[in-house]
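Labels run A, B, C, D, E and F following the written order; every chain starts at residue 1.
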Amino acid sequence: MTGRIVCFGELLMRLTAPGREMLLQSPRLDVTFGGAEANVAVSLARFGWDAAVVSTLPDQGIGEACRGELRRHGIDTRGIQMRHGRMGLYFLTVGAMQRPSEIIYDRAGSAFAVTEAGAYDWPTLLKGAEWLHVGGITPAVSEEAEKAVVAAAEAAKAAGVKVSFDCNYRAKLWADRGGDAPAVFAKLASCADLMFGNERDIALILGADFHALPLSERFLAAAELAFKTWPGLKWLASTIRTHHDVDHQELTGRVAARDHRVHYSRTYKLNGIIDRIGGGDAFAAGLIHGLDKGWAADQAINFAAAAAALKHSVPGDANLVSVADVMSLVNEEGLDVKR
Amino acid sequence: MTGRIVCFGELLMRLTAPGREMLLQSPRLDVTFGGAEANVAVSLARFGWDAAVVSTLPDQGIGEACRGELRRHGIDTRGIQMRHGRMGLYFLTVGAMQRPSEIIYDRAGSAFAVTEAGAYDWPTLLKGAEWLHVGGITPAVSEEAEKAVVAAAEAAKAAGVKVSFDCNYRAKLWADRGGDAPAVFAKLASCADLMFGNERDIALILGADFHALPLSERFLAAAELAFKTWPGLKWLASTIRTHHDVDHQELTGRVAARDHRVHYSRTYKLNGIIDRIGGGDAFAAGLIHGLDKGWAADQAINFAAAAAALKHSVPGDANLVSVADVMSLVNEEGLDVKR
Amino acid sequence: MTGRIVCFGELLMRLTAPGREMLLQSPRLDVTFGGAEANVAVSLARFGWDAAVVSTLPDQGIGEACRGELRRHGIDTRGIQMRHGRMGLYFLTVGAMQRPSEIIYDRAGSAFAVTEAGAYDWPTLLKGAEWLHVGGITPAVSEEAEKAVVAAAEAAKAAGVKVSFDCNYRAKLWADRGGDAPAVFAKLASCADLMFGNERDIALILGADFHALPLSERFLAAAELAFKTWPGLKWLASTIRTHHDVDHQELTGRVAARDHRVHYSRTYKLNGIIDRIGGGDAFAAGLIHGLDKGWAADQAINFAAAAAALKHSVPGDANLVSVADVMSLVNEEGLDVKR
Amino acid sequence: MTGRIVCFGELLMRLTAPGREMLLQSPRLDVTFGGAEANVAVSLARFGWDAAVVSTLPDQGIGEACRGELRRHGIDTRGIQMRHGRMGLYFLTVGAMQRPSEIIYDRAGSAFAVTEAGAYDWPTLLKGAEWLHVGGITPAVSEEAEKAVVAAAEAAKAAGVKVSFDCNYRAKLWADRGGDAPAVFAKLASCADLMFGNERDIALILGADFHALPLSERFLAAAELAFKTWPGLKWLASTIRTHHDVDHQELTGRVAARDHRVHYSRTYKLNGIIDRIGGGDAFAAGLIHGLDKGWAADQAINFAAAAAALKHSVPGDANLVSVADVMSLVNEEGLDVKR
Amino acid sequence: MTGRIVCFGELLMRLTAPGREMLLQSPRLDVTFGGAEANVAVSLARFGWDAAVVSTLPDQGIGEACRGELRRHGIDTRGIQMRHGRMGLYFLTVGAMQRPSEIIYDRAGSAFAVTEAGAYDWPTLLKGAEWLHVGGITPAVSEEAEKAVVAAAEAAKAAGVKVSFDCNYRAKLWADRGGDAPAVFAKLASCADLMFGNERDIALILGADFHALPLSERFLAAAELAFKTWPGLKWLASTIRTHHDVDHQELTGRVAARDHRVHYSRTYKLNGIIDRIGGGDAFAAGLIHGLDKGWAADQAINFAAAAAALKHSVPGDANLVSVADVMSLVNEEGLDVKR
Amino acid sequence: MTGRIVCFGELLMRLTAPGREMLLQSPRLDVTFGGAEANVAVSLARFGWDAAVVSTLPDQGIGEACRGELRRHGIDTRGIQMRHGRMGLYFLTVGAMQRPSEIIYDRAGSAFAVTEAGAYDWPTLLKGAEWLHVGGITPAVSEEAEKAVVAAAEAAKAAGVKVSFDCNYRAKLWADRGGDAPAVFAKLASCADLMFGNERDIALILGADFHALPLSERFLAAAELAFKTWPGLKWLASTIRTHHDVDHQELTGRVAARDHRVHYSRTYKLNGIIDRIGGGDAFAAGLIHGLDKGWAADQAINFAAAAAALKHSVPGDANLVSVADVMSLVNEEGLDVKR
């Protein structure tokens, strides 16, 4: 076991059309469970962390199955409340070639969304934790969820628990909800040690505009502004993704630190992608792992990008590979059958 | 083609655990579409009727798949509106032996539930129809749905379209919604030519109590009261179901007519049930078919019960057998392989 | 290895709707291969015989797969010709409860049907054989197939090879083809040592009528007439099947020998039938095995009926159980899990 | 709804080995329905057209399932006759890498093939239609089918219905049937407004030879000859397909108009093809749609090629994407997950 | 949470032929994990207990999957050691009708079997436990396993932890291993508060012979002898199972207490069994639960038998039902669909 | 039929996680049978050879299924002994992208491994054979297997049967077993006409070191040394494989003959690999076929490499393509759908 991390956010049941079929082309859906923060928790549990998920699930068979699935990966689920209500769902049609994947969300009014912010006792839930991981989807879910996530981040900061915050800005959810995303994100960023976002996220939060700069300088400029604005922030990180088509992409990680530099990872060719969902969460888990180990930014970002690349080869939302698997890719230990 | 029937009600996507597995024991759900009134429509379409479904579906992939599934059976879907919103769902764990089947409903706030009553133009929708079929689940869904179904029944009665009304009383849904079920059911019954319900339904609607009577006399007493109360009502019908276990049951149909008699069907042994959902809807379709043909009550009720029995051998919500299949059972034409 | 048997007849690809679904309710068909005579061969190969199939298959992937499937069971397939043409098919919808199974045949113009009778070199094909097994479906397929099967039986009789003939009368196929079934059956019966058929078959072939007799005496009367007509015939056998419903039946075997008696097997309750197809072929294989072993008629018929009963528990057309499995049932060695 | 199109041709059941397995490597076949002209109809129905299929199907479960499948896509199937007979089949083994896909046809003697030409009442069937789509496979099926398709085209021309004709020359089918393909194709071309074919097709029909020309000039030369020969013809179109391997190809569309130019589409890289069958039909539907909209040839051919490219990402014979999906590719709106 | 129970024994991967197919009839095996003692733990965890499994698993993907599966059910797996080695396996062909299920064991040399007895630190492992559950398969596995299970029982007795011992006598395993089953069983029985076994088990252990007694008196006689021999023993329990065929059985529970009586449960008809494996383990869990609750023997045995009956409706080795599910059957709360 | 080849080695059951899932991510394993030497036999049987497998299998359902699978491909299995014991297994997780495939072996103590060398009567088993094919995995399995394979090779050499020997050096198995691989390989090489191995294999066997040479010269140097050492050896062959990622590789074949040259095949791009297992065995079968036909080395190596390339498109261990399929690739006959 490395450290203890607490991940807070909504859990979703994903219902996926089999193979590369159109939705309901054949009368069957494959089921996995996910949620951005839970994905980070699963990946870190696989990396040997003591990972806990804090959330609310419906107290029926679907909620129980979701909780069981987290437990299967060794996640501590004692911080999950089982309450009357429904499970948030999303339907995924996996694209192919030039046909993009499509998600239909059906998460309104979930047990998580309607749980009052006060239901989470953060001092207790954060006891013993080294990290708290939260994201920008949570406040987009409901006003109560917004209050809860801000309370979590503030409690962590107060308790000396490091905070990782993934912007994960979803315009559509915010449009539906009607909240003030920049204000909330600013609150969360002000508690964060590590933030996942790019220049568009920083621009959104701080009302800045980096378009005057050359493309290659924007991320550093955004990071510098972020570091100036939020004195506690140590790292700003994001991935760069190039699409040749749905199944063929390229992925690079980058992290800016307070050394006024952007550290880039190796670029991975993603040819014949198996499952693109959760790539960003795998990247987040990888970077948290590397930084927690005290690795240099260059080393940490290479680990994070390799983890993210490997996620694309794993069905489901979560990155099920081990530290050894990631290191094998980082160290180029070969791709032939391991016997 | 026999006559034209219009069936109005909510459509649901059913997500079923495969085989006799517990919910999400393996990570897959089988999908079918149903809804009490649509099940009646599909069965009658298979019997050669010109059957139309009037409803509201979400204007995304799931709603389109549902509409396509109705079309596949030859249903006229021009009366289905595609609107922004979500699909009503239910999750089914099929029981076995002494373990009952379980349903988790997730239908609140569906596109159908939130559609305003005025969205349905009944005079147009009922044009050319001989029958309208409605049920007691619809008013339990929402206040607007209640208004819509009452408007439908009243428009039909006004236009000389025969009305079939299946009580389908669901205490839980009514408890959630908080409406006045007896009052609504009375309105619908007052428009009905044919009503599906038993003595408990009549007792609920009319505030009567038949417990003082011997069990065998209650249904006739309830029917007599119903006929007295609602002068337009010609038939009151229901099934009697005995459970040996989840997979082994017995089913008998009965219909009371204005001849002061209850007509009983043959009793079918249901051994090794394949799919119990929709048995009542298959019975309703069978009786509507028989009565529409002008058959004597004894003949019609035998057809209806045989149709209901056969439904238990068909996977999914709807009864996919033909008139010839039902007649083959009624006439005991043999059970060996048909080559 | 016990003896060598040659089985001649058409091979068919069976395309079955999965589970108890209606045909094409979901977009998939399960494939097995069968054919009455090949089913006998597979069962006898499992019983340790040196079993050969003589037939004609199309020289493409489907024919090769069928030949491979026979080989898998240890069948000698050197007598199968691969010729240009199509494979005979049948589509099976497995019934349930009161819904009978249905077969759609699509076998017209198959490679087997169009092969000329002279293509089979019987003296060579029968070399070393103790038994030839043929059936009444073959002559119903085409005129050339009729000539071929008669030639086979006559060659066997001439060579001292015992002949087993299963009437398998299919009125529909004969109606399509237009041949003279009684005449052909009489030719085959005149070559047979063992014949599978009941009083209706004998009546058809010999123009007799046993209805004046009590039901219980008809089979013996038919057998006596058969023995008188065909001096080489030693046994006439058939099964008696009672249907409670599609999944619940009872099965008894009977064989008449030249001792003027009918020998009845124990009656097996078939509850929860897995696959009814091939029950008669399993019975035939069982009886051939028992008689070949020189067992008394009572012992042989019990073995045959037990084999036929077990077939109903095996998916596919062929009876995949061993002699030990059958003896375990005959000897009532227990039904609990064998560890 | 855009316009009304009538598509005439044979419907086939496709039985596909699952995944990339060899035929019957595992005992299962996946079923879809197709047929070149029906594929065009389904694609246009998805594009919002009022599309009708005229054909003949067997009056049993397979034929009914095929009709239901068309209905599911919103196709008008009233022009389909249900007659005694068999369904045309084809078995598909999907290739991979350097192993080509293989089709085994089993369509001889189908209900469609044996239906007499006079069974189709074209004036009635074409009522209200703006387009008729026919193809060169139909006359290759049987003499009666040839007569029927010629009658259809002539009736359309007479009635002022635009005719689209896809050569779809299949040497093997013509060799089996023994008809005069060039003569029939010439008749159909003389009725056509839009023709799908390349220089080899024109050479075949008109006995011309374009090999003396540079490769890049042959198509225009063929088109000029076609326009000269058939005064009613406005467009000649085809795709150019390059194979890197079975799963990696490139596709370009081209259409020649009476402006003496060939209009080329963008070239699409098809990497990781899901299903190659029906690519040409998707192209045809796309071009009919674009031309019917009155788009310029450059715009129409780009739409058609994008539609054809997208088809390769959709399992089954038919292109299930919408106009919006195609426009998204044409306009390069991005390939990331649509949420 | 009720109490804490520690279950010690080997974990096995079960590979099951799908449906009712013969082994490898189609090229696929369904995987579940089990093991007699783990099955008890899973059932009790579902009943709300704090259940722990102590065992040894191989430190590769299969062992990890097994551990994950236990965790999914909320089992405490900290007492499971991950060591180099192989996983014990068994292949299950599920029977049907008169064809018994068959198990092929492949468990020799498993990581569990080769782990030295001293590797388990019982005082630590039993800390906080109220019950220890062990069984007679464990000592049959290897000499080290025998030592380990005896050490566990003795440590529990010494620490005041109640001991449940299920004889589970497997003649074949003992014959392979060559140990002295009666001696080991006697040691375990001398530590036990609750013992699962029948008169044959007691006869085996104590060298007694109850055949002189009428069948109905043997179990009580055996229990009396057991109580006399082992002063700490409070209950002797077993099930009585009648086989109509593989799918149709009857089950009754019985428990003898020190009140000189045998308490019988209601008899459950098991018609249409889904999965017979683990029925005895479900019974054991049910009885431990009832006795731990302090229920009277009659009440406890009815709960245990109902639990065992329900297990037959659940796929896999473990009983996944809740206390409420069992009570619903005990209280006959009805078998219709729970909505 | 071309010639007769006898292939000797262990047969293994492969249990594969479905699709690209992680091991046991869903509760199912797909089953195929393989084994290096059996794979060669299957491929040659598909090429028209009379191929026999000599091995030992367990005398239970799994062993029988394996034998049946070989028979299905037309393999002569009379040289396979059925003995009490277990089947060797391996679990395969198919990788994707940058995640390598992983194999967990579970083959210790198999029926093959424990069979005494004397159980194989080589003079009888080799009767009529032109080739014997053996490999380096066999002696790594057990001491008895080592003795058996050496005896086989020596018997073949003595009888004038050509010997093909594939080094297939598996360091891990040898480390477990503890034998002297170089010594055994030298014995087998001294009997061989054709040997599969590269410079590392030759270096291992003969204690040589080729690192001083440029990479491009090492194979020829190794071959020259091999030819000098083993006067009977005529060919040394191997493949060169480049990994872009798990699914995208390149493959070239090379063979050195006694003409002091290395003959290279065309290089095949393997994009979108379906199944990488058995590529080397397919290469071996291809080369044996080509050399047996008397083709020039350049022609033979091209055939072998094309066969190996095609194997990557076929699910399972064995290469199921025909000679015509391979020639179609060698001759570049096109990649479009074969109709």
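Here, a contact is a pair of C-beta atoms (placed from the backbone, for glycine too) under 8 Å apart; a residue touches a chain by one contact, two chains touch by 3 or more.
By chain, UniProt protein names: A, B, C, D, E, F = 2-keto-3-deoxygluconate kinase.
What you see is a predicted model; the values in this text were computed from it and never measured.
Visitor: Which contact partners do chain A and chain B have in common?
Guide: Both chain A and chain B are touched by C, D, E, F, going by the contact rule given at the top.
Visitor: Where the centre means the average of the CA atoms, what chain is farthest from chain D?
Guide: Farthest by centroid: E.
Visitor: Farthest from chain F by Cα centre, which chain is it? Let me know.
Guide: For chain F, the chain whose C-alpha mean is farthest off is B.
Visitor: How big is the gap, in whole Å, between where the Cα atoms of chain D centre and where those of chain F centre?
Guide: Centre separation, chain D to chain F: 45 Å.
Visitor: Just curious, how far off is chain F from chain B if you go by their C-alpha centres, in Å?
Guide: Each chain reduced to its C-alpha mean, chain B and chain F end up 63 Å apart.
Visitor: So which bits of chain B are touching at least two other chains?
Guide: Correct list: 22, 27-28, 102, 272.
Visitor: If you look only at chain F, which of its residues touch chain E in the complex?
Guide: Of all residues in chain F, those touching chain E are 15, 22-24, 27-32, 60-62, 65, 86-87, 91, 93, 102, 104, 106, 108-109.
Visitor: In their complex, what parts of chain B are in touch with chain F?
Guide: Residue positions touching the partner: 26-28.
Visitor: Residue numbers of chain B touching chain E in their complex, please.
Guide: Interface residues on chain B, with respect to chain E: 19-22, 25, 95-103, 105, 170, 172, 241, 243-248, 272, 276-277.
Visitor: In the complex of these two chains, what residues of chain C are touching chain E?
Guide: Touching chain E: residues 268-274, 306, 309-310, 312-316, 320-321, 325, 328-329, 334-339 of chain C.
Visitor: Give the list of chain E residues in touch with chain A in this complex.
Guide: 68-69, 71-74
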